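Below is one structure, written out as structure tokens, with a few remarks after it.
Each chain gets a letter, A, B and C, in the order it is written, and its residues are counted from 1.
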Amino acid sequence: MTSIGTGYDLSASTYSPDGRIFQVEYAGKAVENSGTAIGLKVKDGIVLAVEKLVHSKLLVPGANRRIQTIDRHIGLAAAGLPADGRTVANRARDEAANLRETYRSPPTLKDLVDRLGHFVQMYTLYSSVRPFGTSTILGAVDKTGPSLYVIEPSGVFYGYHGAAVGKGRQLAKTELEKLKLSELTAREAVIEAARIIYLVHEDAKEKEFELEMSWISPESGGLHVAVPQELVDEAETKAKEELASGLE
Amino acid sequence: MAQQRQFNPYSNNGGTILAIAGSTFSVIAGDTRQTEGYNIQTRYAPKVFRLTDKAVLATNGFAADGNQFVKKVRQRLEWYRHAHSKEMPIRAIARLIQTMLYGRRFFPYYVYNILGGIEEDGSGAVYSFDPVGSYERETCRAAGAAQSLVQPFLDNQIYFKNQTPPPGQSFPAHLPLPTVLELVIDSFTSATERHIEVGDGLEMYIVLARDSGLQGLDGFQGVTEMGATPEGEKLFVLRRNLKRD
Amino acid sequence: MDHFPTNWGRPRNDAWDPYATYPIHQRPNNAPKDAFADGVQRTQQPIVTGTSVLAIKFKDGVMMAADNLASYGSLARFRDIQRLHPVGNHTVLGAGGDMSDFQYLQMILDELMVDEFAAADGHALGPAEIHNYLSEVMYARRSKMNPLWNSLLVGGFKDGKSFLSYVDLLGTTYSASTLATGYGAYIAQPLLRRAVEGREHELTADQARKILEDSMRVLFYRDARSLDQYQLATITKDGVEITESRKLETTWDFAEGIRGYGAQTQ
């Protein structure tokens, strides 16, 4: 970045001469250092998985969740600054509740990310605020079927079949592209998601991590809930086996 | 403008409460019937509440206000515990209740309160209140639907009104616990006979002063200990059935 | 004399009394006026109303019944409305009184349940919590002189325990093994008490169903604002089940011989 040190990177309210907003790009850097989060949109549901890096053995297992529930049928996985992720999630809950109250029906994810995108974008306009250091994957099964979006620190959002953010996103995306996502069931996708998280963790092996997974599937009754423990165990066992055989 | 019928935020849920102080104990009692008009809403809705292990509050009047008021008093007592690491003394609770009631002087809690327990000096105490906070310490007080039936009986039996002691003798200032409990039970059985809003069940809370023994409470069937203070006050509850008709 | 102490000693109002010509006790009311006060509507009376709700405890949980009628005064206006509403997996709310206020309650409860679900903390609200929440809402609204005009029954089963309680527009609460709102409090409650009291832990689901059905029939015969179509809710350890609308079997043979009841014209 040639313009670094020229003063154009101090505020989100100032463009650099070549039309960039450095504060937003730095926010993107905050995401790149975070544990990977992925989302899979499949035939009958959504699977979210997070490689939650555990920075201290003193932490209680399960602390600092990075997958959160927004509405009955909407889940969110955040990568980047955990506190920023929670702020976005809280706003998402408020917006979802407001959509529910206005239309008296479960909001579609499209409507929700539209509002959230606006919210995140507002933090790229003023010198008094800092853009969110978080990319969030939102998944839902609504009246339009399964849907999956990523909102970036700039406020831009795209819909995906499979999404990956955080440190291992490149490798994860490569793996996601190999899958026939539209033919998988949610149950099968859980196995794949665990495998991908374990695979991308190979690059940061010295660090401990917890696998956090949630889904919205026929088995969960269309609700966004944690993947049942027995299925998580099965997926983790398979992921470890595959990793071991691949390394031989 | 057309005359509009105004919403009435109050109701009367019947029942009667009663408390009597002895020299080293206090008894706080109430029936458990809740009514509205001629309906018995339930046969068991407590009107007597443990506040601390040495203070008990009985409420009577509009049940919703009563429950809300007890909830608020308990909240204030909890804050007091957090601030001072001890239970609020009963005379302080009495003043707190007066302040809280008067705070709603222009939209009163439609509740008659009777507070019973043990003072810091070890004596049995009863405080009675009107709905907007006027209060006094007394030896005995009845309130509620059958107040007019019970209070004269108590005046006669506790204060010995309209009685003349035998020559050269005087009436006792305080009665023993078993006598008081029998008076309470008799009061409620009689009120049940003559008042339609009283009946179903009787709950009597008994607070005993520290170092005062059981005072004859062991002679009663079905007494349950509800708690004790570190200083030695003891709290019991005694239940009796009343007629359900 | 102005009998409102809140007006005493208020500064005079230049708009009404520019030269202070009125003695204090004759001054116009200077109390601050809310310009929109006339536009604020409060429920002074129920409009579209439901009648009784009945509920009893039985061996495995709680059963509740309410008919499908919403009346507009004496007009049987809506004959296919639901007055039993599930709240979460352990609770049913039954409502008599104003149906729009009931729908409002359904909405805030749904909001509450979404919030609780999103917390994903392993706790679920049970009937006791929902009843307490409702009692606070109802009491707060009555205290604002703007009540939600309902009599509500909350029935449920959670952690091995039955729950059955009442709350109304005044915030009054109570619980018992048999409850009835509205006309049911007069007509059905004695029947329910005779059938249930002391047998709460023996009654089977079939027996409970029959008790409620018989009581609903008596209500239909006597309550002019009732309907012979009703629903039954059963709450047990297996969760909440609310039946489709069912019809009461009634007989009107007795009317044959009665003058003025049947088809006789003279």
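The rule is short, and it goes like this: a contact is a pair of C-beta atoms (placed from the backbone, for glycine too) under 8 Å apart; a residue touches a chain by one contact, two chains touch by 3 or more.
Fair warning: this is a prediction, and the values are worked out from it, not measured in the lab.
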item: Contact distance in steps, from chain A to chain C; value: 1
item: Centre-most chain, if every chain is reduced to its averaged C-alpha atoms; value: C
item: Chain located farthest away, centre of chain A as origin (C-alpha); value: B
item: Distance from the mean Cα position of chain C to that of chain A, given in whole angstrom; value: 44
item: Whole-Å separation of chain centres (CA-atom averages), chain B against chain C; value: 32
item: Gap in Å, rounded to a whole number, between the CA centres of chain B and chain A; value: 60
item: Contact footprint of chain A on chain C as seen in their complex; value: 107, 110-111, 114-115, 117-120
item: For the chain A and chain C complex, residues of the former touching the latter; value: 65, 68-72, 93, 96-97, 100-101, 104, 223, 225-226
item: Touch list for chain B against partner chain C, complex; value: 4-7, 9-11, 13, 34, 36, 39, 41-45, 62-64, 67-68, 107
item: Of all residues in chain C, those that touch chain B in their complex; value: 42-45, 135, 139, 142-143, 145, 147, 166, 170-176, 185-186, 189
